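In what comes next, chain A is part of two complexes: it sits with chain B in the first one and with chain C in the second one.
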Partner chain A sequence: MSSLELIGISKSFGNVKALDDINLTFEEGKIYGLLGRNGAGKTTMLKIIYEMLFPNSGAVHMDGHAIGGNDTALGKMFFIGEKNYFPEEMKVEKAFRLMNDFRKDFDPAYANRLADAFGLNIKKKIKSLSTGYASIFKNILALASNAPFILLDEPVLGLDANHRDMFYKFMIEKYSESPFTAIISTHLIEEVADVVEHVVIIRNGCIIRDEPRESLLDSGYSVSGKADTVRAFVSGREVLGTDALGGFETAYVLGECPKNDLPEGLEISRMDLQRLFIQLTNS
Partner chain B sequence: MDLRFEEERPIFIQLAEQLEDGILSGAFPEESQIPSTTEISVRFKMNPATALKGINILVEDNIIYKKRGLGMFVSKGAVKVLREKRKSQFFERYIKSLASEAKRLNISADEIYEMIKRGFSA
Partner chain C sequence: MKLVPTIRYNVQDIITKTIPVYYGVFTLIFLTLFSMSKLTSLYMAGSFSGASFNSTVLIVVIGFVYTRSSFRYLTQMGVSKRTQITGKVISILLISAVAVVMDRLLELFAEFLFKSTEMTYEGSGIAFSLFDAYLSKLGPVAREMTLIGLGYTSRVMLLSATVFIAMLYVRMNTAAKVIVSVGIPVLAFVGMPALAMLIPEQMAKLIHTIAEITGLSNGLPIRSILWMTGGTVIFMMLYSLITRRAPIKD
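And then the complex of A and B:
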């Protein structure tokens, strides 16, 4: 089993601590959601994993060994982010050929099939691609790379709803045929909520959650009803936040949902991933 | 079959129920093949592990069974089993919430009974 491990990673930019003692393990064949607000440290973390940035302390291990510039370990990963790393003047088809020359597992036929499905003109120069198609181009490279670990930093940025839908479907299809590890950083939480198996939430450079999606969703609930009844019910419980509308209140609570022991007039709901994320990262 | 998932219950349980609905409605007749895990997960953009968890609920209840190398099939007698299961859940799932809403609105049991009769004749 391959695994990717972050051990005590810290990184500062000047006085700003971007990552603070990150310890994480990414297992083989799982889809991870890497969630965090703007500036939380998601991109920094992905770049450190792929050695595009170096930490002030700590190490990234692939299969138990520090990566430290090792080409075999780096070759097991593929990273896509905001920037394009091919020459701007290069055409898409040339980039596919280059990938084919440098990465033995790259599947050019699959890349062309996806380009066709998305309507990406492979004769176009990379610099002339719109924001959406630039993202699609990078996503195709990642999916066709057949790398065991793909790191996707905001993969659906600029994609319209139809293309986002297609992207998730192609990714799940590919994953279903031969599982890989995907680490997806995104702000469109609702869209990936059912796609990911495991969720990592990062806040101000620290990991605040690292657990399977289902258990994360089971870790809290919301309770609504008359404000005084809700307040009486939640007193002594760990409340993440509240929403009020006149005399009606909803409280977001951590802990096991006490379904059978509920005062009259209160309603309990499970929180969805986005709501839970907002409550956990609000402060 | 069209799925509209809500957040109230885990998604794999909702998937299992939707597949049961498909079997009860005849969309997936007995002894016919149900869609594969891949087809289900791609169609609903859900993690294949989640889809498998939902499918496995039906396997454990003997509602569907695996034919080696072919896929998953609806068991003979599945509809009868599902009807019984749904009947046993009927009180918990429908009557309890009906009664609590009726109490809130001061509707008597007799009035509800009249409404039920009207609902059946409609």
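And then the complex of A and C:
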């Protein structure tokens, strides 16, 4: 079973510590959500995995071996980021053709099918693509690469709602046919909430959560009602944060959701991923 | 290993597009001059030097233009830095070989074309003037081999140097880029003449020593070939050093 492992990765830019002793394992055949606020270290982490950046300490291992300039290990991954690293004058069709040169598992027929579905003109130069179509172009390369590990940094940047929906559908379809590992870094948490199986939350360069989505969602709940009642109820519990509106309050609590002994007038509900993320990363 | 596609990516566009266009322009210039001298009543006489019509400019442009973009693209394709370095070295050797052959073909074409006109073409201008005495003693095959050797090693060294400098610019921050961009011309056009005025004897000795070591003052092309090979190895090693852990900057 293939795995991608980060061992003691630290990275600083000047005085800023972008990643601090990251230890993390990405297993084969899972869709990961890599979540974090702006500047948390998500892109830095993905770029270090793909050797676009180099850590100050630590190593990335593929199947138990340090990647360290190994073409075979790097070939098991494909990274797409916000920025475009393709020559600006290159046409989309040439990018597909060259991709076939570098990656023998690349499926050009599938890439062309996706280009048709998204309405991407493959005769166009990459530099002339809009932000949305540039994202579509990179997403197509990633999905058609058939790499066991796909690292997607803001894959839906600039995409309209219809194209975002299409992208997720194609990804799930592809994943259902032949599972791969996708690590999706995005700020659109609500949209990926139903797609990801495992969530990694990064804050200020440190991993604060690394667990299956369901178990993460089960780790907290929200309680709403009159402010006094809510405060009395949450007293002694681990409160992540509160929202107040008039005399009413909602408290976000970590811990197992109480099934009994609920005071009258209080409503308990499960937090969604975005709400939980906001509460975990607010401070 | 992605070495073969890496080399193909590095050289394909250059060999199939850039080089044909570059030499196509020169061929057109020569044909135009030839036609004008033959078909019009204008009296046209003159001399061209091989130094003006060869791949020197092309090689500098190739080195500067392609290095950054290929580094970014190959990294995006998941090509390791080690393979990128190996691929670049082999590509430098291949591109230089094509360039030197094209230069020689252009020279032969120009010599043939202008034979019947009042214009003359001095092929391999610099090489001829520096090593004239040595080359004139050689037979045609040895002379041709020496010229090709000189042409090839000079192009390989020039391309290695420009690739290294281009990669240096990829690695440097803005402040360092400004310092180098301003500092080198200042050193060359102000610093060196100033030194020549302040310590003329020492500078003359230094220049003489360099010219002797490189074979330029004593007209020994083999020494120049060896010196340029050594220079190439140094530039390639420096390129390798700065590329091994080069990050992609946004």
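Basically, the second predicted complex is superposed on the first by the 283 of 283 C-alpha atoms of A that agree within 3 Å, B and C clash if a C-alpha of one lies under 4 Å from a C-alpha of the other, contacts with A are read in each partner's own complex, and residues count from 1 in each chain.
Heads up, the rule we're going with is that a contact is a pair of C-beta atoms (placed from the backbone, for glycine too) under 8 Å apart; a residue touches a chain by one contact, two chains touch by 3 or more.
Note that the structure is predicted; figures quoted are calculated from it, not measured.
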Task: Simultaneous placement of chain C and chain B on chain A, clash or fit - done: fit
- [ ] Determine, under the contact definition given at the top, whether A:119 touches first (chain B), second (chain C), both, or neither.
- [x] neither
TODO: Identify the partner contact of A:247: answer first if only chain B is touched, second if only chain C is, both if each is, neither if none is.
DONE: neither
Open item on the list: Students often get this wrong, so check: with C-alpha centres, what angle lies at chain A between chain B and chain C, to the nearest 10 degrees?
Closed with: 150
- [ ] For A:236, select first, second, both or neither according to whether it touches chain B, chain C, the two together, or no partner.
- [x] neither
Open item on the list: Contact-wise, after the overlay, does A:50 reach chain B, chain C, both or neither (first, second, both, neither)?
Closed with: second
- [ ] Could you tell me if A:64 is touching chain B, chain C, both of them or neither one (first, second, both, neither)?
- [x] neither
- [ ] Identify the partner contact of A:87: answer first if only chain B is touched, second if only chain C is, both if each is, neither if none is.
- [x] second
Task: Partner chain in contact with A:14 - chain B first, chain C second, else both or neither - done: neither
Task: Closest Cα approach, chain C to chain B, once both complexes are overlaid on chain A (Å) - done: 28
Open item on the list: Output the chain A positions appearing in both contact lists, the one against chain B and the one against chain C.
Closed with: none
Task: In the complex, chain C residues that touch chain A - done: 1-2, 5, 8-9, 69, 72-73, 75-83, 244-245, 247-248, 250
TODO: Would you mind writing out the residues of chain A in touch with chain C in their complex?
DONE: 47, 50-54, 69-71, 74-75, 77-79, 83, 85-87, 98-99, 101-103
TODO: Enumerate the contact residues on chain A facing chain B in the complex.
DONE: 31, 165, 168-169, 172-173, 175-177, 179, 191, 194-197, 213-214, 217-218, 269-272
Task: Residue ranges of chain B touching chain A (in the complex, touch as defined) - done: 5, 7-12, 37-38, 41-42, 44-50
